[in-house]
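Below: a set of structures, written as structure tokens.
Consider the two complexes below, in which subunit A is the common component and subunit B and subunit C are the respective partners.
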Partner chain A sequence: MGSKTSLSKALVRRETISGYLFMLPCLFFFLTFVIYPMFMCVFTSFFDSNMGKNTTDVFIGLANYRELFSDRIFLGALRNTFVIVLVSVPVVMVFSLWVASAIYDMPMVLTSAFRCIFYLPVVTGSVAVTVVWKWMYNNYYGIFNFLGKNLGLIDKNINWLGDEKYALWCIILILLTTSVGQPIVLYVSALGNVDKTLIEAAEVDGANRSQVFRNVKWPQIMPTTLYILIITMINSFQCFALIQLLTSGGPNHSTDTIMYYIYYTAFKLYRYGYGNAMGVVLMIIIAVLSAVQFKLGSSDN
Partner chain B sequence: MRKTTALLLALVMVISLAACAAPAGTETAAGTEAAAGTEAAVETAADTKASEITLWTYPIGGWGNAETVDSLMADFKAATGISVKVEYLDYTNGDDQVNTAIEGKSAPDLIMEGPERLVANWGAKGYMADIADLWDDEDRKEVNSACQAACFTADGKCFEYPVVMTAHCMAVNYTALEKAGKADLVNKDTHTWTTQQFKYAVAALYAAGNDPVAAIFCGGQGGDQGTRAIINNMYGGTFTNAEHNAYTADSAENIKALEELQAMDGISFDASIVGGDEINLFRQGILKMAFCWNIAQQLNEDNNAAGLTNDGDEIVFMSFPAEDGNAKLCGGIWGFGIFDNGDAGKIEAAKEFIRYFCEGEGTEPAVKAAQYFAARTGVHGRDLSGIWSDNAIMNEYNKLMPYLGDYYQVTGGWAEARTAWWNMLQAVGSGASVADSVKTFCETANAAAK
Partner chain C sequence: MASVKLVNIKKVYPNTETKKKKVKKGEQPEEKKVNLQITDEGVVAVQEFSLDIADREFVVLVGPSGCGKSTTLRMIAGLEEITAGELYIGDRLVNDVAPKDRDIAMVFQNYALYPHMSVYDNMAFSLKLRKTPKAEIDAKVKEAAEILGITEYLDRKPKALSGGQRQRVAIGRAIVRDPKVLLMDEPLSNLDAKLRNQMRAELIKLRQRITTTFVYVTHDQTEAMTLGDRIVIMRDGYIQQIGTPQEVFQHPHNLFVAGFIGTPQMNFFNNCKLVKEGNTYAVEMLGKKVALSAEQNQKLAAAGAADQTVTVGVRPVHLDITNEGFAAKIDVSEMMGSEMHLHMNIEGQDIIGIIPTAGLDLNTVKNGSQVFFNFNPALIHLFNPETELNLI
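And then the complex of A and B:
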């Protein structure tokens, strides 16, 4: 009995070592490119760190964090970021669930075709997508102004990206088109995996379509919903490329997001410590919201 | 076993943390050692000249064209044996690429741009090598004095050797103005006009159905000199003081000009376009005036013959409007600077490159490639004044060169002032008070200048 136990312990040890060895390359990259920069970010956020060969980083404690909450532009960027998240996350969730529900039980060819169509903007390079949208929004020859004027919807051209009333909403619209692809594919897959016997049983018991969805399908796709919720939220919080390529945070800071303002502070103003402090705040916000969502998701389950 | 592994992982984390903590102190120490090392090494550099160097260049005329540059580099290699690896930057992301390279300790050996970046930014931050030793008395006599002033710091260090220069100007769609019946407002001989004539021209083009006539582009990223020049010149305002240590854009003259432009029919403050977009819209015939113009644009033959829009309308380059017609034009100065990467051999090879292209046999081809005017009258006695004698457009454009104003782009905090300038224009374009907006701009820019 004793020799059996020691044999199995040795086996477990060997397997554990093998497991860690397999993890080692991944761990190396994780430590180098995730953990190390993360600690650097937190560490530098306590310093007045600027660009300059002969400058020295000066420890200033929480001064960067205190400055953040009196920085009008940062607070505006925070507000814009929350607007993007609060609008895009529910819309993406509802739209993708609706599309997936409509297409998942279609003939395979049609389902695949729709999946391709909705996934196309995800696999297309963000620069290419942005350039096309920029043409469409163009103040002088864009298709939106052309159609709007010809259909009698607008009297004169609207400067979509140059007017602070519209710019943020234009960004959100593009974000929606590039964000729905993955949730649709995931929902189609999740809905396809719902136990059909449970659906049939519910229908035999007299449940209507709405009741079947609410009481049978929805609980079974809950883990997928939770995953989609979190990735969509994180993607929305990290909206950067669209802003940088289309508006550079303008006009008048109306499209600044925290991600863009971090870039602006670090690369245009060369204030690395201050930019990192913003990064830490963003990380805390995302971590807290993700934890809340996990908690709510697991309670529902 | 798990505990041991966890302990090992924790150790790795601690080491990472220790590594994180190191830079603040070690970087300075390492920097000092490297600086001391470099100084010592430079003295014996002649023996260790590198055989390969890197050049990063912004699109300065033909210096943004690989075919042109390859030919220049081949000639340089044949003359010196040094090969040059070239990378091309653009004005949208170029600064970010250079900054990232600097922080990643992989900056190029040479860079081609203007003093606002090489002297006022990277030079002032200590990243450029001092190349004052490349100048002798003859160079001092031959190189344009404004260029010299812009390339040297107050304490006598030189971070850029200029090769070409120009005066930035604006352009008018002359055909459209003819159709509007006001062609007489444009003097095609002197290429100058008054503020009143400019306002009449905008009004005439607007009345002829052109809306907008011109755009104060303020999407950021390049072309800022055009927006500054129109505002500063209309009523004789300045952007900085003469000492280049304070921003003065909140003067009464600038406020008056901005308020007029804000209220003027036909002038649009457009935050959705940048300088390059404005040029394209002008070439497409959509805008009838362009503020982001210079000789390179006038010589452009991409879609039609030089001096014509895509539709064949005649383009006339003009000085910016001033009350008395005598504008002070923004200068464009471009040349080479050397990054001090601590490798004396590379620095010496880069200096050889500068000698060849800025004061040697490569100067004339370098100037011709850039399609601007030479920054010097001759190369050690060899006259350069006839370099463009075969080009009628260049000769005509030469009429604007006497209007070249102060090269104030070397004022401290330039990079931040530039971004604050766009924010100010966007605020004005959104209808904000001009006086408040320029006040905010000056507060931000002057804080950065200190």
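And then the complex of A and C:
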């Protein structure tokens, strides 16, 4: 910024105009397909709306929101969503940091190999991955039941996805495998970028491995940790495709998440206004949690 | 406080593997070992390095880039594995002792201050790790800060400090814990010229207040000369000479040391003839015959020197402008204030002379003028052009 002020005004203006021109195409799409729908989402949440399917929209104020908090299915979905977030976020964080720490200073070939293995589920289409998992969980010929019985861990076949006790945990397990790839890649590069002389300085200062990690590496990778925390959290909150493909929220709404219930309400029951109200609530929850994390994370630095 | 003893230390970087690792971890580019010997076992960075460093001695390792001086220091610190040889700190063999257990402190070239800690915490870190009582930590940090004049910055983060202040913090961090050995890896090379001179003087002062053993690495021979009790001059992984600043300046062991120590560089005259006439020696150079001093004669005779081709070395400060002697043409004369640097040409060879300006008629040393120079034969050095060793 400092250097810009020394340029002539006319020059700055010309650069600004060309800058906006470059932005224009992107800005157009962003406004049309992101900002406008977001606005519409908030707007329609105050209406009894079915997007003109049968009747015109009727303004009903906060009635949708009031209904939300007495809707047992929504509250159940909210609880399920929080279970997924509270389990998957810490597990993803710890596991990815552990793997990254173990592989980042291996020889280049090994590091790349491990990175590739953990990243594969991310690049493989989620539908393909889910179909394979669905087969593995199958009640009659799934590999889990086969192994479980042969190893004597279970007496009889378990209907993994059809049982309220297990269904949500099965989904969390799949979510974990697809969520760790990105954090591992990010952590490997963050750890590789920690200034080597800082680590050496700490070693000379008398720090053992865990002290070096706690006092040097951990603070240095804090920005990455924060970023991973937030993307993992958002990713977990928005868990949808898995549910849609595996259980459709069943059995008995035991695997409903907010995202899935929004889809269900809006596109199966055609209650757009009500669905959008849930979307707004989810947005507020994610925004608040992200803000809190940023606040906590940046106060360290 | 402890002595340090290096016995026949050798460091070899295995071939391809380390190269890849180096690139990945962003090792500093000057560490390139281009002029080192590449053998079947790998790149030899240091070899046949034997040195006894006495308790409380200040030893400076000096040499051009890639001579192995930093590698040697890092081996003492325990940051590089020692390929062969033995390293003792005090009486303890520490080849396989981790850096944290060697009780050494190190000042890094880029300071390596912990960016997320305040100056106070940076300095207290090693003491905290040793579970020193809080009050003692506080007293020691404050004392060190006092010595280095950084008391007012104790609450700041390193980011908010200037280069010179960071340097002080780095030194402070090293001295708070009374290490047995204090290692310094080019600590002044990131500072500007003025600060460097100032910090150099402060290091000398600091040295008097702190009783520990210092090992200091630099490529700057001025730092080496002014700071060191003894200087170790290295090239291509080999020690060239070990001696006090005076010794290495007055009796350089070989051509390399003669050229490396002293600025401007010593003038070398190749293809001169050493001739023995009865019991005395003389040197034939640039068409004249120069008789040598009694002391030089004695040394040459003791060494049994015969007639041979030699390289004559004369320091610029030992050249005088006289009325007769060797005729040379001045290409450029540089006025430095109290002295003058004369870049001269004699029979196609460039040489440099330094003469005092007091009482000098500047007209006689203008660019392009013809002058005569001479020197005191007692101050010249004779080198065997093949072995490069000093004959005297």
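Observations, loosely collected:
Quick note on the criterion: the second predicted complex is superposed on the first by the 290 of 301 C-alpha atoms of A that agree within 3 Å, B and C clash if a C-alpha of one lies under 4 Å from a C-alpha of the other, contacts with A are read in each partner's own complex, and residues count from 1 in each chain.
Just so it is clear, a residue touches a chain if its C-beta (ideal position, glycine included) is under 8 Å from a C-beta of that chain, and two chains touch if they have at least 3 such contacts.
Predicted, not measured: the structure shown is a model, and the values here were computed from it.
Touch criterion met: A:206 reaches subunit C, while subunit B stays clear of it.
Looking at the shared chain after the overlay, A:152 reaches neither subunit B nor subunit C. Look at A:198: by the touch rule set out above, it reaches subunit C but stays clear of subunit B. In the superposed pair of complexes, A:216 makes contact with subunit C only, with no contact to subunit B.
Touch criterion not met for A:61: it reaches neither subunit B nor subunit C. With both structures placed on the common chain, the touch criterion links A:108 to subunit C but leaves subunit B unconnected. Remark: subunit C residues 17, 20-21, 24-27, 77-79, 98-101, 104-106, 108, 110, 112-116, 125-126, 129-130, 173, 183 touch subunit A in the complex.
Residues 13, 16-17, 20, 27, 31, 35-36, 39-40, 43, 47, 49, 51-57, 137-141, 159-164, 247-248, 250-253, 264, 267-270 of subunit A touch subunit B in their complex. The part of subunit A that touches subunit C in the complex is made up of residues 107-108, 192, 195-198, 200-208, 211, 215-216, 219-220, 222, 300-301.
Subunit B meets subunit A in the complex at residues 1-2, 5, 9, 12-13, 16-17, 19-21, 23-24, 28, 31, 95-96, 99, 102-103, 125-127, 218-221, 268, 270-273, 281, 286, 340, 415-416, 419, 422-423, 426-427, 429-430, 432.
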